[in-house]
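One chain, chain A, appears in both complexes that follow, with chain B as partner in the first and chain C in the second.
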Partner chain A sequence: MRLEWKKASVGRRNFLRGATALGAASMLPMGWASRAMAQEDGVLRIRSYGDLSTMDPAHSVGVVDENIHASVYNKLIQYKPGTEWGWQMDAAAMIEQADATHINFALRDDIGFTNGHGAMTAEDVKFSFERIIADATESPNKPDMGPLSHVEVTGEREGTIVLNDPFAPLWTIALPYITGNIVSKAATEAAGGRIGTDPVAESGPYLRASWAAKEKTVLKRNPDWKGDAPVWDTIEILPIDDENTAEIAFDAGELDLTRVSLGSVERYRGGVPNGGALIENPSLYYVWLGMNLDHPKLQNIKLRQAIQHAIDVPSILQAAYFSAAAPSTGIIAPGLIGHRPSELVAPAADFAKAAELLAESGETNVSLTLDVLNKTEFTTTAQIIQATLAQIGITVEINLLESGAFWSSGENENLQLVLNRFSMAPDPSYATAWFTTEQAGIWNWERFRNEEFDMLHKAASAESDNAKRDEMYRRAQDLMEESGAYRFITHEATPVVHSSRVAPALRPDGLPLLRYFGKA
Partner chain B sequence: MTDIIADTSKSRSELAIIIAGVARDPLGLIGLIIVGSIVFSAIFASWIVPYDPIAMNIPDRMQGPSGTHLLGTDQLGRDTFSRVIAGGQVALKVALPAIFGAMTIGLTLGMIAGYGPKWLDNFLMLLFDTIRSFPTVMFALAVVALVGTSLQTVVFVVMATSIPTYGRVARTQTLTLRNSEFILAERAMGASMARILGVHMLPNIIGVLAVLAAMDIPTVIALEAGLSFLGLGVKPPTPSWGVLLKDGYALIRQTPWLVVGGGLPIILATLGFTFLGEILRDVVDPKLRKNR
Partner chain C sequence: MIQFAFKRFALAALILVVAVTVMFLMIRAVPGDPVSIMLGPRATPELKARLIAEMGLDQSLPKQLFIYFSGLLRGDLGVDVFSGRDVTTIVFEQLPHTLKLIFSAILWSALLGIGLGCYAAAHPNTWIDRAAAAISVSFIAAPAFVVALLSLLVFAVYLQWFPAIGVGEGFWDTAWHLVLPSLAIGLSWVGYIARLVRASMLEVLGENHIRTARAFGLSERRIVGIYALRIAILPVVTVIGVGMGFLLSSAVFTEIVFARPGLGKLVIDSITSRNYPIVMGAVLVSTALFVISTAVADLINAILDPRARSGT
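Let's turn to the complex of A and B:
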């Protein structure tokens, strides 16, 4: 065969015309196809900031796994969607606090496990809870179970949770969150006691149909589910780490729901594409500036108080959080027991007072380092702190750290100032736990040691009277602030956008409860 | 004295020939203009910038380009144009000492490896290969973890990771020259190793390394920007093109001007130094010059 090469009659204009037509032809159908896919009735597409790491609740690494676990497993109780924290029955037909250390429960009789593992029994509850606290399991979530002793099985579907000590967070964290997921004893034991990235048996309103790492997790309606039927036939969870990318996908109609960056809130307030809506939820996270009380440069309480008064929180919220977050009064967010209505040091800087305190301290030529995680909101915040402290004559050098180095700062005895942000579960004990004396140098980077605080933390966890708990946690935060080691900044916010065809079911902090999602 | 004057005038005329040769080529001229502008703005940054590059003005944050702020403002209300100019100063403060240091050390070690005994050559090659086997960013992470972030740390990281490149080129050139007749003649006349390397070999190697250095500068500038992007570079509030890019990336849906401000000078510097290096190579290499 002979090939003959001829000069193509493609001029510049023809080439441009052809290229434009080709581009348009290739892009338009793709756009239509993907939109049609996103709008396919019965398929809910949501974004998760991370990918599934395990189907084992004992080794769950947090919200990302829990989104899926909460859909394919059941708990005795689940969080209730809405704006106020609360719980509702799930696998439990009855649950009651018999006394301070005993909780009786009875399971529904219509919940079964897949793969032929039979009905859910009290033995499954016992197995699921006790394997979390068993040393052999090495569960990182063991602390969430607090002083759990064991579960007594009193009938096929009845049992009693027995605690060593009273533990109020059982109702707010242990049972309705990660550790509350009930797995099948038979299936887990048959799998050698460990569940990997594939479920061994499911029981929830959804089943995990497929998982493509870093691509997509697909949940399909469980045909054997006897409870309230979930509204969506299929849920596709797409792991998208970057919020800018997720926003572009949402705006293009590829997603039905995503968390958006605080910087985009103003834009979405002006209108959400495709008739969608913006929901602005407060978050439970807490951000603060900490001062290492063990460092020789920070021994003077007047100096620490001067720093507290010189930091202008409104400027930080405007520049780093785009005015989409409110100032915090402590480590416990609004809506939780123990939230303080106001702080001891007002959010706005008082430079006159700060200068006065600095003069009283007798410290001159103060130069400090400020360690921050290398993320734009933190570096922006750090630069504002640097600028505002400079106004009273304190020089701050900012150390940017990558996450590995930053999160080992507990061991850094030379740490001086640190800008920090902790995640939080919906119980105040989860916040105070990190600032006790025994946490000094571990997660308590300020090395704050206060006997009264330790006592309050312990007593409040065991207290069942919410009014008393509230008072205790408020006092605990007063003690933190009085030490001069903390300048509370914000709890951030969780802005979420959703498409017009979705009726989202969110926790009060904006995190999704997928099984309760409805259609608009 | 007469000799010195004669030498100086000779080297001046050679430099003039090289500059004229570069300027004759359109790409070379573009390169010269871009590089000249970057160097000029870096040297005279404090006179050129309309605002203090680190002065915050939060109420004026995230503005677009205007007559007041040519490239708009960042999230802290700082003038982006002023930060771009000041960022150029940082880029050159890293690139020039790092390249000069790497070239000097690499040249010395490379010549010793090429001219010295075999065992020394093997040892130095092993050293170069060991250094080259470290990914730059991982190496930077380790150094930063040990000594913290600073301009000096960036210079050290860039210099340390660039030495093997210069060393290998210098060694190859030395190996090529070591059996040349003029070197053999010098050796027969009893010239010392220092004299042979310093007086006879160095002038024949330095040109190649100078071209390599010119073409390495954009790489180093991009590396500095990359390290700053990752937070391993200069400390805030020091402006750097990488920091501008990083902030710009995070805020790209709010204002695209930070990405433009950080990206454009990196593109221009890369183009400028590359054009200049390419044409410089053609001008200083007699073989290539003949083929032009």
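Let's turn to the complex of A and C:
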């Protein structure tokens, strides 16, 4: 075989020469374009920690989907932006609690669905809500609807939501959150009853213009929207998993809003680039150390109490959360019904008390395992727990687990200590739901079983008197702590930075309500 | 040559089958219940049972493997039971992003590395050679994640010349978005290729046919750039073929740091969520990419150097 030598050499040299010239020529204007990119007027670029998984509210997996759904669909009521939890009218022109199990509503007359599916009617509300609870839909969000029986349609735009039992979270979760999104009956049925990653009909102030998997979701103004006009023409939602990457993108001027890591809060307190601002919101997450009550090593309540007293929460918050988070008093965050003003075991460790309890327990040479998700804040927390428990003579071996293995730990009967973190929707029932007897070994990894707790959880969901609910949930958390199975650590925080051109509209826990975003 | 190509691709197919089988078994050995992870805390037992059946997890392991390979033979990578989308669609919409990243990194690092290596070899034991050696070793020693973060801070945050995240739209915007990620994963390859080309070139420059070319009065530039380079570049072709695998690994990290979509990011997300069909689809495609690239590198070598065909 004979090769043409000349072709290769001429091509290589010419290519190198050409590429160099082209690269040099193109660099300068590109640099200028970079500065202008995020500043493009009318385009809001925000970060989401995950990517869209579905446009079907029945199968939505949480806030990532809900950010988009809440912009392109309507609910009877929506969360109100601000620092206190509350709701405001959305698709409803009127909504009232007629009695403990009946809620009357009337829809606005100016909301329509895209793709020729007509005006929003009470039939659409009935269809949307009832399909969530229908067995055929197999919606994982069905529990959010609680004891919903059905929706009665009393007029073209009027209806009544009928519950089997009173259900307080209807106003805090069911209606203003994921399950409250109203979809078009005609469009959904035409699509075979299930909506995939493409919407079948939209009705909100924005329309989903495009979605590129793991790249971005683009929302554009709905030209047929008759309500208050959204301020931004276009919203680009960029799925960025890594908080450090998001911070760099924000600092580079490529994002208008992102949640930042707790470790960066101090830096942003000293100044946010490009005239932006830092907003520090509390969070609904709750972090705690759990002890498996079924494990033979943890049967002694004095030992468990010794562990509770030996864990120094302020040290954890300083080292793992960079002093950007406050200690928690339980599983229910501040601002919600049922939040306890103080815990039974003070946040600071009491080593003398812990040693005394350990001595009373009669346990010696205690050696325990601590299962931890392999994220920095948790491994740091685990190391501090390891060090503080060592001070009273308890040896802890840390098991680092990646998320897949960690989140399957519920079925692990050999689990001893576990550092855990759950999220919740803004109603206390959402927090207590995971610690009932029926959840033991599923999401109740401590195998905490308490009849009074179970009763309180059930009764509080049906209680419409907020003062009574508050008392019930406080008592429920007392029971958890008294069992010795829990050492509450923190609710973390949701620090958010935004650019100078944005007036963000955030829930009290720092999550964005995109349709209400304004310009500074 | 045809026989060689046939043998090489048969071996590639065998490697692919072994790799996919091993991956299939490994992911099932990893602790973690995929159904609980995928459906979240509030999944009903009925919903879990349905998903288990849809994923074929209620079948024995050999049967699951048989079903998977049967599907593969039909060109069916399965369906992501969660989103209901074809795995083929999901994987192939991510693949171009990774390919662009890898090929741009290979392209610029090969061009620069070969140039640097040739130049150093043409001026052995001079300050140019020593400077090229220092630069090459520095590049090799620079960890990709350090290069990525530093380049982000300098070129994206401080100078704002290049974008920090995303993939861009259209040719120029895409190329612009590739600059920093491909710099991060390609930089060490510049040094590696430069050292390889220099060593290979020095050996070739001492051979008889080069001395003959010099005797004929050909310019040194022509001798190095045309006659010697053809032979000196052979090891680079092999290295680049194998390097595809390393670049695929680097792409995982790069796609996360630069918030780029791609196969690496897809695999990480899918493993975390125990989304078996997508993990298998993505691994199959990336393994195929690696196997094919090494096979193609072998073929190119065989074309350029007949000794490689006979195995001598």
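Some points to look at:
We take it that the second predicted complex is superposed on the first by the 490 of 520 C-alpha atoms of A that agree within 3 Å, B and C clash if a C-alpha of one lies under 4 Å from a C-alpha of the other, contacts with A are read in each partner's own complex, and residues count from 1 in each chain.
Definition applied: a contact is a pair of C-beta atoms (placed from the backbone, for glycine too) under 8 Å apart; a residue touches a chain by one contact, two chains touch by 3 or more.
Since we're looking at a predicted model, the values are computed, not measured.
Once the two complexes are laid over each other on the shared chain, residue contacts for A:A212 go to chain C alone; chain B is not touched.
Judged by the touch definition given at the top, the superposed model places A:G196 against chain C, while chain B stays out of reach.
Applying the stated contact rule after C-alpha superposition, one finds that A:E402 touches each of chain B and chain C. Considering which of chain B and chain C touches more of chain A, the answer is C.
By the document's definition of touching, of the two partners only chain C reaches A:N141; chain B does not. When the two structures are aligned on the shared chain, A:E481 is found in touch with neither chain B nor chain C. Within the superposed three-chain model, A:T54 lies in touch with chain C and out of touch with chain B [touch as defined at top]. Comparing which residues of chain A touch chain B with which touch chain C, the overlap comprises 402, 405. Taken in their complex, chain B has these residues touching chain A: 56, 58, 61, 75-77, 141, 144-145, 148-149, 230-232, 235-237, 246-247, 249-254.
Residues of chain C that touch chain A in their complex: 30-34, 36-37, 39-44, 46-47, 50, 82-85, 90, 93-94, 97, 111, 115, 152-153, 156-157, 159-167, 172, 175-176, 222, 225-227, 229-230, 256-259, 261-262, 265-266, 269, 271-274, 303-304, 306.
Across the complex, chain C is touched by residues 1, 3, 5-6, 8-9, 12-13, 15-16, 19, 26-27, 30-31, 33-35, 37, 53-54, 61-62, 135, 138, 140-143, 194, 196-197, 212-216, 238-242, 245-246, 248-249, 251-255, 402-408, 410-411, 434, 442-443 of chain A.
On the chain A side of its complex with chain B, the touching residues are 244, 247, 261, 263-264, 267, 315, 318-320, 322, 374-376, 379-380, 382-384, 386-387, 397-402, 405.
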